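I'd like to ask some things about the structure below.
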Amino acid sequence: MAHDLSSVRADFPVLAELIDGKPLVYLDSANTSQKPHAVIDAMSCFLEHSYGPTNRSAYRLAADATDAYEGARVKVARFVNAAKPHEIVFTKNATESLNLVARAWGSTNLSSGDAIVLTHMEHHANIVPWQMMAAERGFEIRWVPLTADGLLDLTDLDRLLDGAKALSFTAMSNVLGTINPVRELCAAAHAHGAIAVVDGCQSVPHMPTDVREWDADFVAFSSHKMVGPSGIGLLWGRESLLESMPPFLGGGSMISDVRLDGFECAELPAKFEAGTQPIVEAVGLGAAVDYLSALGMDNVRAHEVALTVEALDKLKGRFGDDIEIHGSPDASVRGATISFAFRDVHPHDVSQVLDQHNVCVRAGHHCAKPLMRLLGANATVRASFYLYNTSDEIDTLCDALGETAEFFSA
Amino acid sequence: MPGLEDLYREIILDHYKNPRNRGHLDAPAVSAKGHNPLCGDEIEVFVLVEDGRVADVRISGQGCSISQSSASMMSAAIKGKTVEEVRALVSRFRHMMSIEEEGPAPDTTVALGDLEALQGVVKFPVRIKCAVLAWNTLTEALSNT
Amino acid sequence: MAHDLSSVRADFPVLAELIDGKPLVYLDSANTSQKPHAVIDAMSCFLEHSYGPTNRSAYRLAADATDAYEGARVKVARFVNAAKPHEIVFTKNATESLNLVARAWGSTNLSSGDAIVLTHMEHHANIVPWQMMAAERGFEIRWVPLTADGLLDLTDLDRLLDGAKALSFTAMSNVLGTINPVRELCAAAHAHGAIAVVDGCQSVPHMPTDVREWDADFVAFSSHKMVGPSGIGLLWGRESLLESMPPFLGGGSMISDVRLDGFECAELPAKFEAGTQPIVEAVGLGAAVDYLSALGMDNVRAHEVALTVEALDKLKGRFGDDIEIHGSPDASVRGATISFAFRDVHPHDVSQVLDQHNVCVRAGHHCAKPLMRLLGANATVRASFYLYNTSDEIDTLCDALGETAEFFSA
Amino acid sequence: MPGLEDLYREIILDHYKNPRNRGHLDAPAVSAKGHNPLCGDEIEVFVLVEDGRVADVRISGQGCSISQSSASMMSAAIKGKTVEEVRALVSRFRHMMSIEEEGPAPDTTVALGDLEALQGVVKFPVRIKCAVLAWNTLTEALSNT
C-alpha cells in the first residue's frame, strides 16, 4: 500500500472506538468520511482562541479570522488547481453548489425549447435541482444511458448533446464506483456549445483533481466526504461564468449596495456567499486539504486501487454467484465503492448482520433512484473504502457476509 | 448489544419467506402506498371493507425481512376483524413499538398473537420504521374508506 | 446582575485570551457570539467518538448520529416553543432561512400586482431575497418608516398592510437595538390576511422566544449568534405553511421518489433539508441551546438590560454631545446593541483606536444600508453586549473612547 | 502591536483634516466610483486628461482618515503628471502597500514623496484596503479614457 496505514489510522480517533469490545469497521466513506485529529483540533483550537467574524469587522481578531477563512479558500483552489482563489465559492454542501449552478446559471440560460443532458448514474443532487428548474422553465432533460458494465454509454452522446446547453455529470458514481472520462466529456460538451458541470463529490476526495486540465466549467464537491467537517461545500466555477451569473441567495456580504429600490452585487466570491459563512468549517476544511495534500492524492488513489482489486477478488472468490457486484470489474475505471446484492437477503438485513460485527455499510437507494430502477433493485448494499481502510477490514467484511449467508439460510 | 435472534425470531423469518396475502385488490377495495426513505422499501396495502369488516387484504411491494414479515402478520391478523378492532390493534402494535401515540393508552386486552414476535425490534430502533411501515400504510388506506 | 458572571466568563475560553498582554473585550456579539466550552467540547467529542451520517444509513453509529442530530431539533423546538419538532428546519444561516421563505413561499404566493411590507430597519438578509423575487415576479415592496427615536412608526401600518400578502420584519434591530412589538405586528398582518415573517436573529439569542405566543408564521434565526457554531441556521415555520410550500433546494433526502420525469417531496422537515446536513453543527447547537436554557433567557435579558442602562449612562455622562447614540434611550424597548457616532472621527478610525485596547467593536454599515441612509451616515460604531460582558468592559470601552478623542484632537 | 503613531502620521491627519482637490469635474473628465465593502466607505475620482497629462483631478465621497488622506495625497501627487507617470506611481504605491502585482517589479526610481507616510499602513493589514481604495478607483477612471 502506498502510504503508512497504521500512522494514518492513528490520525482518526473514531477508528480506535470499540463497540461491544470490537473495533469499528467503517466502510461508509462514500456517504461521509471520518475526520483526523488535525481537522478536529484545528476547529476546536480556532473556537477556543481565535473565533471571530469574517469580512465584516476590522479589529485584529476579526482580521485574523478573515485570513483563516480566506486562507482555506486559497488551499482549496490549489488543491483542485483553480486559476484563482475567488473561483472557489463556499456553500453548505455539494447539493447547494449544484442548486446554485442550476438556478443562477440556469435562470439566464435555460428556457422552453432548450435542453440539458444528465446521465442515468446521477445522484439526486444532480437531478432534482435541474428538474425543479425544468418544471419552472420548460426545458428538456436528456439522459446518457449506461452499458451493462455500469459505464456511460457514449454511443449517442453527439445526438444527445445536439442543441443542448449543458452536460452535467458525476466524475465518479456513488453507487457503481464508475470513474467517468471527465476531460473527454467536457470536450464533447464544449464541441456542442454546452457547458460542462461536474459533480466531483466522489472523485475529489479520492484522486488528484485538476479543474483546468479537465477544462470543466463548474465542479461541485463536499468537505465532509474528504476528511473535512460537515456544514461546508464547495463550488469551483470558471471566473467568466461566475461573473456573468445573477446571484443565488440574497443578503449580507453579497451586495455592494442596497437601496429601497434594488441592490448591486459584490465582487466574486462574496457575490455567492450571502450571510455569515461556515467560518469554523472553512478552517477545518483547510486542515483537511493540508492533510490530504501531505498524504498525496496519488497515494490515496493507489491505496484505494489496491483495496478495490483485493475486495473484488475476495468477495467474488468467496461468494461466487451468491454475490452480484454492480459496476465494472476493472479497478482502473472504478473507485473503491462497491455496491452489491447478496443472495436473496434484503440489503437492510445484510447491513443488520454486518452491524452486529461493527461493519458499517450503507443499505438503500444511495440517493440514486433512477439508477436503482435500471439495476432492477430497490436497494443495494454498499461498502465504500477510503484512505484509512485496510486489508483486514476486507476480511472482516467477508466474514460478516459469511455469517449473513449462514443466518438467513438456516 | 442484543443478539440477532432477538430481532429475527423464527416466525418472522417464516412470514418473510412465505408471505401471506400477497397481491392486490381492485375497487371497491381501498389502498395506500408507503415507503421508508431510509432504505427505499416500498409497500402497497389493499383493504376491502364490507359491512364494517375487513373482508380481504392484500400486500404488494418490496422490503426487508422486518417490513415484509410485519406486513404479512398484519394481513393475517386483521382479516375478518371490524374496522374498530383493527384500529385498536394498530394502536396496540404502535404502542408495542414504542412509537409515541397521542390520546389514551391502548387497550391491552387486544390480543397481539404472532405479532408479539416483533417485540424484539424495539431493541433495534432503526428497524422500528420497518416494522410499522405496513401499519401506517394500512391506517392511511382505511382513512380512504 | 442576574447570573454568576465570573463563572459564565470562565465558560468561554476566548475571553481568557490576552493580546499584547491585555484581555480581549469582545463587544461584537450582535455580529457573531463567542462559544462556551460546552459547545466546543460537544463538537469535538462527537467528531472523535460518534461522527456518522444522519438519516441515511442504518448501522448503530449512523443511528446514534441521527439521534443526536434530531435531538438538536427537539431542543431548538422547545427553546422557541414550537408546536412540533418538524416545524424546525435546519439551514446554513438565517440568510438561507429568509431566502427559503421568500422563494419557496413567495413563488406560490407573490406575483405582479401583489405587495409585501418590510421596514426601514431591516438587515440586508431580510431585504435582498425579497428584492430578488420582486425583480422576477413584479410585486411591490412597501416600507414601514421609523420615528426619530428609531422605533417603527406604525401610524400608517394599516394603509401599508392593505392588500399586502406578507409583513416581514426584524424582532430586534441589529443597528439600533430597537425591540419591535412582534405580537402586535403579527396580529396586524393577520388582520389584513398577510403572513408574518419574523427575523429573530437579534432577539432569539437575547430574550425568551415563544413563536406561538407571537402567533408568527415564520421565524428565522442563526446558531452562531446564540453561542452555537457557525454553519447552521434555523427556520421555524407554521406546519401548514411549510407543508403547502414547494421545496427550496433539490437533492438527496428531500425526496420520497425520483424518476426520470420528476420527483416527489419527502415529509417535513426532510423536504427542506437537501443533501448532507450540518451534522456536527447541529450537535454543537444542541449544546448551545442547553447552555442558554440552563442560564435562563430571562436572566440573560435582565443582565443585558442592566448593561444597557449602565452603558448608555456612562457613555452619555462622559462624552455628552461628543457622542450621538442612535435609537431609543429607553432600555426597556431596546437590546444591548449600541450604535453611535463619535465626534467627527470616522467609525473605522474609532474602531482602530479601540482595537489598540483590544476592544472589539464593528464599524460599518452593519448590512443595513437603507437604515444607514436614513441615519445620514455611511457607517456607525457599534458596541454590542452579550451574556458574558461586564461593567468593567463598559469602562474599558469608555476609556478607549476617551483616548480616541484625545488622539484625534491632538 | 505597532503603535497608532505608525499608522496615523502627522501628514496623514493633515490631509484628512484638510483634504486637497475635493469636488467633482464634468465631462470630458472621466470618473469612477469605488467602495470598501468592509466599512461602507465610498469614493469618486474625477480625472481630466489633456494631451496625455492629468490636467485636473477631484475627489468626492466619504471615508476614514486613511482612505481620505490617501486620496488627497494621491490627487496632489498626480496632478500634472503624464498618464504613463501616473501608472508607474500607482504600481509603485500598490507595491509599497504589498498588494500582489503581476508583471515586472515597479520602478523604484518613481518618487513617492509625502505618500511614504502611508507606509505604516502595511502593519495594519485591514487598513490596506482603505489606503488603496482611491488608487484602484483612479485606475478604473483612467481605463475609461
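Annotations
Chains: A, B, C and D, in written order; residue numbering restarts at 1 for each.
As a convention for this text, a contact is a pair of C-beta atoms (placed from the backbone, for glycine too) under 8 Å apart; a residue touches a chain by one contact, two chains touch by 3 or more.
Since we're looking at a predicted model, the values are computed, not measured.
For the pair subunit B and subunit C, chains touching both partners: A.
Chain centres were defined as the mean of their Cα atoms; on that basis the chain farthest from subunit C turns out to be B.
Rounded to whole angstrom units, the spacing between the C-alpha centres of subunit A and subunit C is 31. If you average the CA atoms of subunit B and of subunit D, the two centres end up 77 Å from each other. Rounded to whole angstrom, the centroid-to-centroid distance between subunit A and subunit B, based on C-alpha atoms, equals 37 Å.
Chain centres here are Cα means. That of subunit A falls 45 Å from that of subunit D. Each of the following residues of subunit D touches two or more other chains: 1, 38-39, 127. In subunit A, the residues touching two or more other chains are 19, 56, 58, 60, 253, 257, 348, 352, 363-364, 369.
Chain contact summary for the complex, subunit B toward subunit C: residues 1, 35, 37-39, 125-127.
Residues of subunit C that touch subunit A in their complex: 13-14, 17, 19, 24, 26, 28, 31-32, 34-35, 39-41, 43-44, 47-53, 56-62, 91-96, 98-99, 102, 123-125, 127-129, 131-132, 135, 141, 143, 222, 224, 229-233, 247, 249-255, 257-260, 262-263, 274-281, 348, 351-352, 354-355, 359-364, 367, 369-370, 373.
Taken together, the subunit C residues at the contact with subunit B in this complex read 55-56, 58, 60, 63, 67, 253, 256-257, 266, 270. By the touch rule above, subunit A contacts subunit B in their complex via residues 19-20, 346-349, 352-353, 356, 363-365, 369, 372, 378-379, 407-408. Contact residues of subunit B toward subunit A in the complex are 1, 3-4, 7-8, 13, 38-42, 62-66, 68, 124, 127, 130.
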